[in-house]
Structures are given as C-alpha cells and as structure tokens.
Amino acid sequence: MTQPTHLTYSGIPTFARAPLVDPQGDWQADVAALGVPFDIALGFRPGARFAPRALREASLRSVPPFTGLDGVTRLAGVTFADAGDVMLPSLEPELAHHRTTEAARAVRQRCKVPVFLGGDHSVSFPLLRAFDDVPDLHIVQLDAHLDFTDVRNDTRWSNSSPFRRACEAMPNLKHITTVGLRGLRFDPEAVAAARARGHTLIEQREVEADFLGVLEQLPQGQNVYFSIDVDGFDPAIIPGTSSPEPDGLTYAQGMAVLAAAARSNRVVGLDLVELAPGLDPTGRSELLMARLVMETLCEVFAAPQEEQA
Amino acid sequence: MTQPTHLTYSGIPTFARAPLVDPQGDWQADVAALGVPFDIALGFRPGARFAPRALREASLRSVPPFTGLDGVTRLAGVTFADAGDVMLPSLEPELAHHRTTEAARAVRQRCKVPVFLGGDHSVSFPLLRAFDDVPDLHIVQLDAHLDFTDVRNDTRWSNSSPFRRACEAMPNLKHITTVGLRGLRFDPEAVAAARARGHTLIEQREVEADFLGVLEQLPQGQNVYFSIDVDGFDPAIIPGTSSPEPDGLTYAQGMAVLAAAARSNRVVGLDLVELAPGLDPTGRSELLMARLVMETLCEVFAAPQEEQA
Amino acid sequence: MTQPTHLTYSGIPTFARAPLVDPQGDWQADVAALGVPFDIALGFRPGARFAPRALREASLRSVPPFTGLDGVTRLAGVTFADAGDVMLPSLEPELAHHRTTEAARAVRQRCKVPVFLGGDHSVSFPLLRAFDDVPDLHIVQLDAHLDFTDVRNDTRWSNSSPFRRACEAMPNLKHITTVGLRGLRFDPEAVAAARARGHTLIEQREVEADFLGVLEQLPQGQNVYFSIDVDGFDPAIIPGTSSPEPDGLTYAQGMAVLAAAARSNRVVGLDLVELAPGLDPTGRSELLMARLVMETLCEVFAAPQEEQA
Amino acid sequence: MTQPTHLTYSGIPTFARAPLVDPQGDWQADVAALGVPFDIALGFRPGARFAPRALREASLRSVPPFTGLDGVTRLAGVTFADAGDVMLPSLEPELAHHRTTEAARAVRQRCKVPVFLGGDHSVSFPLLRAFDDVPDLHIVQLDAHLDFTDVRNDTRWSNSSPFRRACEAMPNLKHITTVGLRGLRFDPEAVAAARARGHTLIEQREVEADFLGVLEQLPQGQNVYFSIDVDGFDPAIIPGTSSPEPDGLTYAQGMAVLAAAARSNRVVGLDLVELAPGLDPTGRSELLMARLVMETLCEVFAAPQEEQA
Amino acid sequence: MTQPTHLTYSGIPTFARAPLVDPQGDWQADVAALGVPFDIALGFRPGARFAPRALREASLRSVPPFTGLDGVTRLAGVTFADAGDVMLPSLEPELAHHRTTEAARAVRQRCKVPVFLGGDHSVSFPLLRAFDDVPDLHIVQLDAHLDFTDVRNDTRWSNSSPFRRACEAMPNLKHITTVGLRGLRFDPEAVAAARARGHTLIEQREVEADFLGVLEQLPQGQNVYFSIDVDGFDPAIIPGTSSPEPDGLTYAQGMAVLAAAARSNRVVGLDLVELAPGLDPTGRSELLMARLVMETLCEVFAAPQEEQA
Amino acid sequence: MTQPTHLTYSGIPTFARAPLVDPQGDWQADVAALGVPFDIALGFRPGARFAPRALREASLRSVPPFTGLDGVTRLAGVTFADAGDVMLPSLEPELAHHRTTEAARAVRQRCKVPVFLGGDHSVSFPLLRAFDDVPDLHIVQLDAHLDFTDVRNDTRWSNSSPFRRACEAMPNLKHITTVGLRGLRFDPEAVAAARARGHTLIEQREVEADFLGVLEQLPQGQNVYFSIDVDGFDPAIIPGTSSPEPDGLTYAQGMAVLAAAARSNRVVGLDLVELAPGLDPTGRSELLMARLVMETLCEVFAAPQEEQA
C-alpha cells in the first residue's frame, strides 16, 4: 500500500497543503501565501472576504509538483508556506492597511514569491507598499477596469483606486501594464492620469485582434508584480466576481500573458483579487483561479532561478 | 371589470407601493420608509446592504389596508411615503453616519412613524441620533445579542456597539429593553454597563417560560423606538441573517412583544436590521419581516391616534 | 443475498414505485396518483408545475408498506398505480380544466382513493368536478388562505377561487372545513360568502389554543375530499411554496387533523397543491409532503375498509 | 466633497435611475422603459416575470452617459423615463395582450425609442401591435428559435408564435431577419411560412463562418424593431433563460449585429425577452443584458439623430 | 488597542482555532477534534464528506471560553487540539474503517474528550472500536433512526448498521439509549434485536409528551459516548442532512438531553454525523451544530473534573 | 385540435419518453437507455448518482424525430426503450460492478445502440465488460483526464482507472483515442502505459490548433464505443461536474468529434459520465448533455444502417 494521502476534500486547507507559519515567525520558503479577507471597499456585491479560504480549499486540487502530459515535472523542489490571513479590524481602513502592509512585508522577507489572496482590489495598495524598496517596480495587471480613479463614492480607498494610491505613495512604482480593459464607462480623469504616467493600457479587443502584439507590449527584464483581478476574465469562465464585464479574457489568454511576463521578468510577488466565491455556486471560479496561481508559479520557477530577486 | 392593479411581482418596488419622495422634499405622510443599505460594520456574513430593496419587494405582498378574518380593517386612511435610500459613501463610516442621521431627521420631520430599513445593526446609532430631542426615549429591542459592546475588533462603530454609542451621545436615551437574548458568549463589560444603566435584559428562556412576565417588563406610556434585529427570531423562521442563534423568538412571540409595546406607548420610529436576503434562498425571511413591519404599524395606528407624537 | 432493490435515487420515479398506467387504461388499484403540473393561475412565485415530479421522486423514500416502531404494519396489501400527469395545453385555462376533469374522472373510476399532485390551488376546481356525483361531498382543506374569492386580478380562475367555482358548479358540494387560516388580509366578500354557506373557518390560532376543539369541528361520517395546500404549514417546515405565511401548522398538527378526519369519514380523494420545489433548495418540502400523503393514506386504509366508497 | 450619488445597490430601481412616469401621463423622453412581467405562455421553466425588475436593478450598474477608454462620451443629453410595468391580469391572455398594446402605444407616443422589458417572447406580439402604423416595419430578431409556429401545445398565443400572430395582424410588418438560429428541431410548417414571406433566416453557424456576410443580410434604411431573445446568446454567457441551446452568440457577436442594424436603420423600439433571472444565481445574465440594452441605445443615438422617427 | 484577533471568516479553520497536531504526534489536550470525511455508506443524498471542514469553519464563531449573560465563564482553561482528518482511501471500506479506528485510538490516548466530526453515521462503528477497552460503555444517541439494521441494500457497513456492528465487535458496549426516534418505517428485525439487548428506545413523541420522563431514562454514572446524528433534530432547524424526518428535536431539547447525560456520567467521546452542509445554503446547520458540540463540551467540563476518564 | 402531448415538465421522465422496459424482459429497440447511478468512486465532489434522472428529465426537451432548419428529418423510425437504472447495492463495489455488467449485457442483446447514463467514470469498466465479445473494440473518449491510472488513493476501482481495468480484463479492447486532454498534472505511469499500448492521446490544445488533424486521428471502420466524460467540455459550457478543468471542448467541437467518429465507424454503445446536476443550478449541463446524446444518435443512425453491428 502506498503512503496515505488526503482526498481533495480532506484535511485542514492550507494553501497547497503547505505548513502553516506565522508571518513574523522563523521560516523560509520559495512561495508563501498570505490571505487578506477584506472586501468592504467595493461598491456592489460583497463576498471577496471569503476568497482566501475558498482559494486554499481549491488549491488542494492543485498541489505541486506537477508532471504534464509531456513528462516534464514542474515546481519540484519548490517549497511552500502558508502564512495564514492578515488579522484585520472591522471597518477601520487605515488600520487594515497598516496591518496588511506589515504582514506582507514580513512574508516578503521570508520567501521568494509571496502569493496574496484577496480580498477586493483595494488591498493591492497596502500590499504594494511592502515592495516600496524594489527598484523600478513594474505591475502587470489583468483587469476589466483601470482602478486608477482618484475618488469614487466619496472615498479615496475604494477598489477603484489602489494603483492611484500606490503611484502616489511609491516613487519606485515605475509602470503599470493593464490587460483586459473593456466596458462602457471609464473615468476620464483616471485614464488621463494613467496615460500621463506612460502606463500601458491594453483593451480586451486588442487581445482578441492581435495577441502577439499584446505580448510585445509587456515589460521585459523588470521587477514585476502581478495583480490579477478575476474580472479580467470572461464571466462565463469566472462568474464569481462582484462586477462582471462581458467579452473578457479566456483562461488561456490570461495564462499566456502571465506566462510570457513571468518568463521574461523577475516576479517579486502576485495578488489575486475580487474573487467572490458565493456568487458562483458551481465552485469553478475558485478552482480555476487556484490553478491559475499555481500555473503562474510554474512559469515563475521555470524561469532561470538565479534571477529571482 | 375592476380597476387594474399590479400583481405582486409587477411594478416599481417602493415600500407598500407608496409614492417615492425626496427626504428633504415637500411631503407629509403618516408612515415613511427610509433605507440604509450599509453592512460593512458586521464581522461575519455580509448581505444586509441588499435588505432595503428586498424588503420593499416583499412589502408588495402586504400593501395596506388589511381586512382580517374578523372583518376589522386596519391601516385604512393611514398614508405612506417612501423616501428611498440614504445616499451612502463607500467605506467612510463617519460620513455614512452623518448622511444617515441627516436623512432620518428629514424623514422624521415629515411623518408620524418613520420605518428604517437596514442595513446591519450599526445603523441604529446614526438613526437614533435623529431622535435626540425626544424626551425620555425608550428603546424596545428584539435581538439575540446585546449590541452594547464598547470596542470590538478594534472599532467602536461595529454592529456590536450601536446602543453603547447612542447612550453616550444622547442624554435623552433613557432606557433599553432587550428581548430575545441568548447565546454562549456575552461581553461581560457590556452586560455590566447595560445593567449599570438599568436596562432590562430579557433572555429568550424567559420568553419561553413566562411570556406574560416578559410583557409586564415592557415600558408603559413612554416614547418608544423599536429596533428589530431579525436574529432575535429563530433561524428556522428567519434564516436570512449573518449570525443565527438557535432557540429564538417565533414570529408570534416577536409580534406579540411589539404589539404590546405599541399599544401601551407612543412609537416614534422603528428600524429592522441584519436581514441578509441572499442567505435565505427561499425568500421567506424578507416576506415575513416585511409583514412584521406592516403588522407592527397596524398595532401602532390601532392605538389612540391623538397620542402619536 | 436479498432480492436487489433500488436505492432512493435510483429508478424511474413513479409514485411510490407503482406501475405506470394510462388514466383511460384497463387497471384497478386501491390508490392511484395523477399529476396536474399547472401553475399559471397563481399571482406570485411560480414553480408548482414541477411539484408532481418532485413529489414522485420524494415518494421513493416512503414506499409502503410501513412497519412502525410499535411493530404495526400499515398499507400492506394496498395496491398503488401511477396514472402519470394530465396532458395540459399551454395557456388555455378552459381546455386545461376540461382535460384535468376528464383524467381525474377516469382515475377515480379505477381506484378507491385518487391522489392528485398539483399544481397551484386552481386545479382543485377541475379535480373536484370529477366528484360531482358524490352525495353530500365535504371538503377538509388545510390552508393559510380561504381560496373562496370570486374574482382576483381580473380572473375567476386563479388559485384564489377554486372552491368558489366548485360550489357554484357542484350542487353536491355540501360543506368545506378550512384549517390553518391566518394572515393580515382576507377578502371580506369571500369570507361572507363562505360563512353564508355555513362553511367552517378555523384559524391557526384556534389550532394553537384548543386543538381538541378543532378536531371536534371536523365532519363525521361524511364523504370527504382532502385539499392540502402546503402553505397551511409553517414556512419554517415547508418553505417551498409561493406565498408563505408565518405561524402555520406543524407537520404533527396537520397530520393529526388529516388522521382524525380520515378515521371518522369516507375519504374519496385528496389533492396536495402549491408546492414549489425550486423555492426550497434543501429539498425537505417535497420529502415531508410526500410522506404526509403516505401517512394520510395509512390513516385512510386503517379505517374500516368496507366503508370505502 | 462631490455631490452624493447612490451606490449600485442603493435606491429605488427604476431603469437607469430614470424618473418614474405613468404611461398615459404628461411626459416626453428620448428613451422610455416599459416592463411586461408576463411568462405564462412558455412551455418549460418559468421566471421571466421577474425579468423587468431584475433588469432595472442591473441597469443601475450601467447608467448613462458613458465615456469610453477612447474619451468619447455616449448618450449624453439623451433623456430617459421609466413607465413602470403593464398592469396585467392573472391568466386572461386576451386581456393581457390588450393592456400590453395599450401601454406600449402610450409609451411610444411619448418617446423616441421605447425599451420593452419582457416577459416571455409571447409579449412581442402585443408590443408589436403598438407599431401597426409604422410604414414597412422590419424586425431584427436575435434568437435560437424561429418563434413563427402557428399552434403549439394547443394554443396560438405561446412564446413560439408571436411573430406569426404579428404577421397575421399587421399588414405593415414587412420583413423579419432572425439571427442565431440553431437547435435540433424546427417546425417545418413555420420555416416554410417564414420563407414564403421572404424572411431572412440566419443560422448561428453562418455567424461563426461568415460574420461579414451576416451583416450584409441585415436591413438597410428601414424602420426596424429589435426583438432580443436572450436565448440567442450562448448559455455559457447568459444561463438565465428557460430553454438554453448550445453554441450561441457571444455578447460581442450579438452586440455587433445590433450595432450594425442600429447604425443603418431607424430603430423604432426594442424588446428584450426570455430572461429568467432565478435560473442564473450568479446574476450575470441580467447584468450583461441590461448593459446590452444600454450599449444598443448608444448605437441608436450615435446614428444621425434627425433620422429618428 | 487590543491584541489583534481574527474576524470569524479569517484564518485557517482549525476546530475552535486550536493548534493543528498529528494524531500520532507528541501532544496532550483536554479536547481534540478529528474529522472523518466519509459519506459513501449512505443511501440517499451525499455531502457529509464536507462536514468536517464546514464544522471547523463554523466553530470559529464559537471559540471558547464563553462568559454567559449570568457572568459564568465556561471552558476556561480547557485546552483544545485539532488532529485534522483521517486520511481515507477512495472506496475501500475496510481500509477506511481501519484507518479511522487507528486515528481515533491515537487521538483518544492524547486527550480527555475526543470530538469526531463525521461523515455519515457508518463512521461511528470504526470510531467506537477505539473505545473497546472502556468498561461498560454506554452510548447516548440522538437520532431519528435506530441505525441497528443488520444488512441494508446488500451491505453490512452502511449508515444504517454502525451500532449493530459495534455491538457485535465490542463486548464492552453495554447499552444504547436512542432519543428522537420517529418515522413511518422501522426495520422490525433491528428493533427486536435492540430490544433484546435491552436498549432504551425513546420516541420523539415521548420527548414532546414527557421530557422529564425521558431524562430519567438516561444512564447515570456510566462511561458514555455521545453519537449525535443531526437528523435527530427537526429539519426546520437543521435542514442540512441527507434524510430529514419531520417533527424532530428542537435545539433546546437535544441540548438538554446531552447536558443531562453529560452532568451525570463520564463522557469518553462524541461524534457528530450526517451533516450535509451543501443541502442547507443558509449555512445555519453547521453553525448550530458546531455550537451544539461546544455547548456539550461546556457541560462535560462543568461536571466534576476529577471524574474524567 | 391536435392530439394532446406533454409539456416538457410533464409526465414520467423516461429517456426521450420511451417505454419503460425490464433489462431482462422481452423487447427490442434500436436505442435503449440504462442508468448507472453510482458515484462513490470519485475523489472530490459527489452528485453523479443523480445524473441518470436529470438526463432523463432533460431528454424530454429533445424527443426525436427532429426536423432541422434544412428540412431533413433525423431519427424518424428509430425506436427507443428505457431499461431504467441498474439496481445497485450500497458500498459493495464488486457487486455493483457485477450487476452493472449483467444489466448492460442484457440491454445490449436487445438493442442496436445502448446509451448508458452514469454515474462517475468508474462505471465505464463494468459497462465495457458487456462488450467483451466485440472484435477489435475501439474507444473514443472525450475527457480532460486520461483515467488510465493503476491505483489512486489506495484503490484500483476509482474513476481514474476504468480504462486500465478494462484493458486488463478485455483482450478485445484494442485501442483508445482520448480527445480533450489538459491539466497541470498527469500520472506518468498511466501515460506511459497508455502510450505503450499505442493509444492516441489528443490534447485540447491540438483541438484548438488543428481540428482537422484531430479528426484524422480518429479510428475508421472500427467497432467503436463512445465514453463521454462531461469534464472534457469547457466548464463554462458544462459546469455541472466534479472536477472542472479550464480551456475545454466547446459543444460544437465535442459534437464534431463524435459525429466524425459515428459516421466512419460502427458505434456499439456509448456512455455519458461525470455529470453532477446539483453542481450546476442553471440546469444547462443536463439539458446540453442530453441533447449531445441525442445528436450523437442522429449521427449514428444517419450512417448506413446495414453496417450497424
């Protein structure tokens, strides 16, 4: 008989069955997960607070290493840790941001690639602050929306503003490439501000029309942070999100963008946000997005290892 | 043929098909509804932001006047208005409180009995502030929980604290009677503080054991505000709530408490909070709670009318 | 090894695994089921069209005979048939009524106790017409509502009117006893008309206050048809219905009324209506109501058999 | 601070937050919505009666005007009104048709482009009758099915027959172009009748194979009514419909057909039918279809304005 | 500011936030949880495999110690551990039983009161085998069904047979008291076998009619194992179970039986089985049952501590 | 008036309204359905036990014959029977396999093309055993996974192993062509074993890149059995399955593979497995897969009839 293992639905759901660690503890790993169950900054359908737990449970179907049909094994020898969730307050946004940045900083110090499990997109701001020492930081963002608005619904801290805040606070944040933009309405001031900074705004229609051209617009040889808003994907594929927009990325398209960017840059971290598990009773949203994270890590660690920061 | 009317599922859902008015507009009504779609102050399952809309839709099954099996007609001639929802910001709690109090004050000036549709229980604080000129205000609260905690999860503004904040801010808030208390855990400091103020704490086990004794503990001849937390009811009856506690009030018990209090006091307003429609796919939670509000109004307006404030 | 049998979820779902027969075919049985998947006469939430199928599936958990904890076996030797569903047109109410009456008449001629699976409550009218030759027909109705309205929403054929129409059309329909009445609103004209005919109107509050007194008001020694509207039951128990009313019958209360009436009368048929399976994702509504039908049959056939019509 | 506005889930849900008007009242608008919550003419899964309300709620995410990523603003200055829902009877189809036609006629007289929110597809017949004075009326229909059947399930008024009835009743109804046809089964008599009238029947496989060819088959320079059956779309994209057919239109394809037809014709009105919100718990069906209506209006009002009827 | 803690939905869900331990590891605790995610032995609706995880998540709302409204603190100083789930094979029942017994034995050796989270009721057999050295073991079972059948559907290992198998295998298993029995059908051979062994069979109707009499039939001064089948409770209260039976235990009744038995005996362990979280989308089933376990532990540890085995 | 027929939701749901027969009875048909409601061999989310019933209900929307838009009628004169479900034991896998093979053998003897409605994919092994006398049997499998693993989770009988077991047991099983393979992880031993036998492994990326090339790899002129695992399809199209994998077959692609294989081979039977209706509350999974089966039969019987085995 083989060594017993857990069935998918069995066992305490840490990310990819990694050991549970304290963010501030004494540990090292190649990859470490940190959850940020915060969703009070979105303006429509809540539920992203449940995403860290749902993604961990879903990750149990995608525990590395992986041997493909081609016989190649990926993520072998790559070590994982799960640093649990940030201990957030109720309501108090500033305190929530502070604790998120502190935890992210601690995790970042102990691993090569932190994986942040949101939460709504507002969490990307306090997460990015933990990378304020990375030279010339680039962001590759999959998203239907720009999230570069100054003020929305009377607040500067909503899920429409994380990158605006980050650019204000972090002189090292050099550039943002956003892929998957679409929708009837954009904030003209935000578009102008992003363009003034030289950001690369790629509409989904460009992805459809000229995918190779899109890949060519991605950064090369940079320190890159991935911010994956699941509403970048088509809602037929990922229905579990607050604000679906039609005609989005396929899984393959999104994965190809991440793979290309991972192969040609140094990935310093990633977040996956705006997943609302309760909005998709089929459960596929978290299953597919947990796999996307894992497949992205395959690409990150398939890149020449010495170049990891 | 009779005059056409709407089927239950037809028509724009204002509360009880009342005319839609601006809170600050030029109107008068006996009853006016105001929604407060705010649920970012609770610590578990969100969704109460959708309650004002769900309660309005459900109210279309309970449009007065009502003639009972006994032939008595209730709420005939009582006029209704719907003042819509408070325009809330994202996130910013202080601003949300401010706007809620302003809207509630405006509505209160234009009607005899405002009906506030929450929202999580934290909204009761800004709502009550609109009653800071009522002499010797009494509250009758249906609730599994005391909601008198000073600080919870690092905030003073959560749905565990509305009555603590109200008592601090409103010298005229004289007394609170809470019916339906139960659960494994209470905040000892909150219990002590409530008892020190002389509040009446009635456990659900007393409701079961000595209902007449419970009724005798209700205020008499006072200015009373009803705060109805739907988790006061048994979760078998009202499953659509964030934090269900077993062994709660039946509909009949809850209604009897409200009826008794309505008949022997002057009701200055009421709120219904913590209803999370999405947590009850059967839809009965909002249907029953919309009816509870209407039946409570029957009792309020069955009391001698001249005594209405 | 024992003779293989089907697991509950296995096999073609006829009622209680009875043989499938044609209503007009050559067969005899003690009990025969006939479905009436018609729900376009209700004014709120549809779905009762799916009840015949749901009740058949649920009946597979309650296939007789039954031996109780007391060792007594019930429904042994009682034969069952399933006559399928009435073939209904789209829309055309008159044609739907005609086919329903024809099918019910055919089934009635071939069995002792037909079991009709609705459908909304409007189907009781065409079903009852198949009993227009029964001397002095009495109805025992479990229901929150009276369903004796002349015209509602511009039609005479809605689920609010079946008994009004039946009383008009059937001189032999002598009396109706309705148990479980409650709600804020009654149609005064309907109440007056029912009382003028001497019907027995029993409120749910009487069931709570004086159950023995309720049982004494039931008919004795009569030809009785049971019309079971599932909204007679408390919505905590049976949430799967279009128009829930709080504070309804428990299963035990409803069953006790049916048992008492079955024991002291000749039951000529029964219908179960207003079950909307899709409104109760827990599935208990159809499971409990299928059992109620079966337990009612236990009582019917426990009565002296020679007295069956 | 900016002027407060409602969050998406806040406020009374009129279409695009337009003022609520009486269909027969004294008002004018460029666009007016009218709901037709009628779904008793379909033969499978009900629920389209809830679509007008769901579409209004969903429209709150797509309130014009819209500024795109290209900086172009659309629907600026275009005025909206919401005429509520037609007051429908229960059951009585003829009366329902009469009231629908009357309300549609009234709305049409007061606006440039009426937007009708169904309801099952049978409502298109009484809606189209309100356009019986439009010279040479053309219909562009997105649909998996032809809906040109003479009699189905013993009725002439089901959702399979609206266009047959309209062609019989309206000599001015010149031509129908149906896009998205697919499925195993067609009514040969209906196909022959449509072809005998010269209608343009475009299968979904043509959309896939030769989209430009499809666009060339659309009418040019005509008075066009859009009838959008949501089952024209792929069920992966719009699962909330009674009768899903695989391999349907993408959102982009459907929108491109509507845009092309809007740009080269005079659009006199549109309906959106067969949306069953309860069948899609993810909520994306109504969100995407509300946006489709709005994006279609962008195209209609982007066409030279003087040509509007 | 206070020490940060997790919000209910935050953090890795171990039982009551206890440290995660290996069943065979080096640890000691007063209470230890062990999950048995096994549900292939039931004959109707699956899903109990997801119960250990759901109960752990739900337990985060009920983390001890608890101070009641009476100021009394319970479970203070009682230590908890979470031993995770048994690593089960697919399909192979004998191997699954073996691993379950081994894990249960290991856990039992390291704690005073093991808490087993099923799984369907078949798991009670391999769990009980871990107590084969307890002198004169008594079981107190809450259940609608007897679960003492020899063979059902061609197997001896289904969820209808655990106590039959345990009585055969464990000479020390002295007596079983079953509370909550009801339903149309019992296996006469099983009833006879249970009665022949002198078991105490208490119907739910006795609980309703003479609750004190029921309490008097409970064991006194014995080594007692609690087996809590959630279908013992009324399905209105706990809908999340495979085989609901109407007219069951209230939470208060079930808890009172457990409390009385805990106070007057030595509790050696407990299991909670047949919870199917997916069948109750309101989530209250797991929330209430996690609380029941915790409240039972309050009673167990309120009993004189020196008497714990 | 036409002969009455059932509306889609009406009538006892046999497959395509075929007569219900006993597998061992005296009947002949071109096509016969047999359900295998067995799902205890999968390692993640159960529910396939409910698929036979769901597929039968869904088949009522696709009852042949079919006349297409092209006027061609398909499946006219082809006779159908429904042999019900295999009577399965609880738990006992070997006995379940035995009964499945026996029933499949009986059905196969009485019809040209048996249609097996699973169940999880493990049922393909006992089903295939009924074809152990077919010379040079080929399988065309639509699947994301290879299902050729020797042992998984300590068992040889899981849904990962059916084809491994079949190849071991059936010397006549010549070849397997699997279409739709994808995913991060493959069992290297299984891949090697399949390749050693010369099986054709076609990845979904080949389907996307070179569909004609894929069709050319299909068998020609062989005796072919179709095994359709619904997770071969994209989860956006068929969400109702235990283990969704992104980027799968479209309905059109899957159907084109089956059509091509049906046209150029002799189809001896087919199974459809891994459909979990409860995981897709939109209901489209069973509706589309029932249609797929029917459309496949159209292709099978469109092939020259004399060549049917």
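Every chain is named by a letter (A, B, C, D, E and F) in the order it is written, and numbering of its residues begins at 1.
In this text, contacts are C-beta pairs under 8 Å (C-beta built on N, C-alpha and C of every residue); 3 or more make two chains touch, one makes a residue touch a chain.
Keep in mind that what you see is a predicted model, and the values were worked out from it rather than measured.
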item: Chain hops separating chain E from chain A, counting only touching neighbours; value: 1
item: B-D against A-B, pair bridged by the larger set of C-beta contacts; value: B-D
item: Same or different contact residues where chain D meets its copy chain A, judged by the half mark; value: different
item: Whole-Å gap separating chain C and chain D, where each centre is the average of the chain's CA atoms; value: 41
item: Residues of chain E touching at least two other chains; value: 4-5, 7, 9, 43, 49, 88-90, 95, 153-154, 236, 281
item: Contact graph of the chains (line, ring, star, complete, other); value: other
item: Those chain pairs that satisfy the touch definition; value: A-B, A-D, A-E, A-F, B-C, B-D, B-E, C-D, C-E, C-F, D-F, E-F
item: Chain D contact footprint on chain B (complex, rising order); value: 4-7, 9-14, 20, 35, 37, 49-50, 52-53, 56-57, 82, 84-90, 99
item: Of chain C, residues touching chain B in the complex; value: 43-45, 151, 153-154, 181, 184-188, 191, 201, 203, 235-236, 239-240, 243-244, 246-247, 279-281
item: Residues on chain B engaged by chain C in the complex (per definition of touch); value: 1-2, 4-5, 7-9, 61-62, 66-69, 71, 74, 234, 236-237, 250-252, 281-284, 287-288, 291, 294-295, 298
item: Residue numbers on chain E that touch chain F, as the complex places them; value: 39-43, 46-47, 49, 88-93, 95, 152-155, 157-158, 278
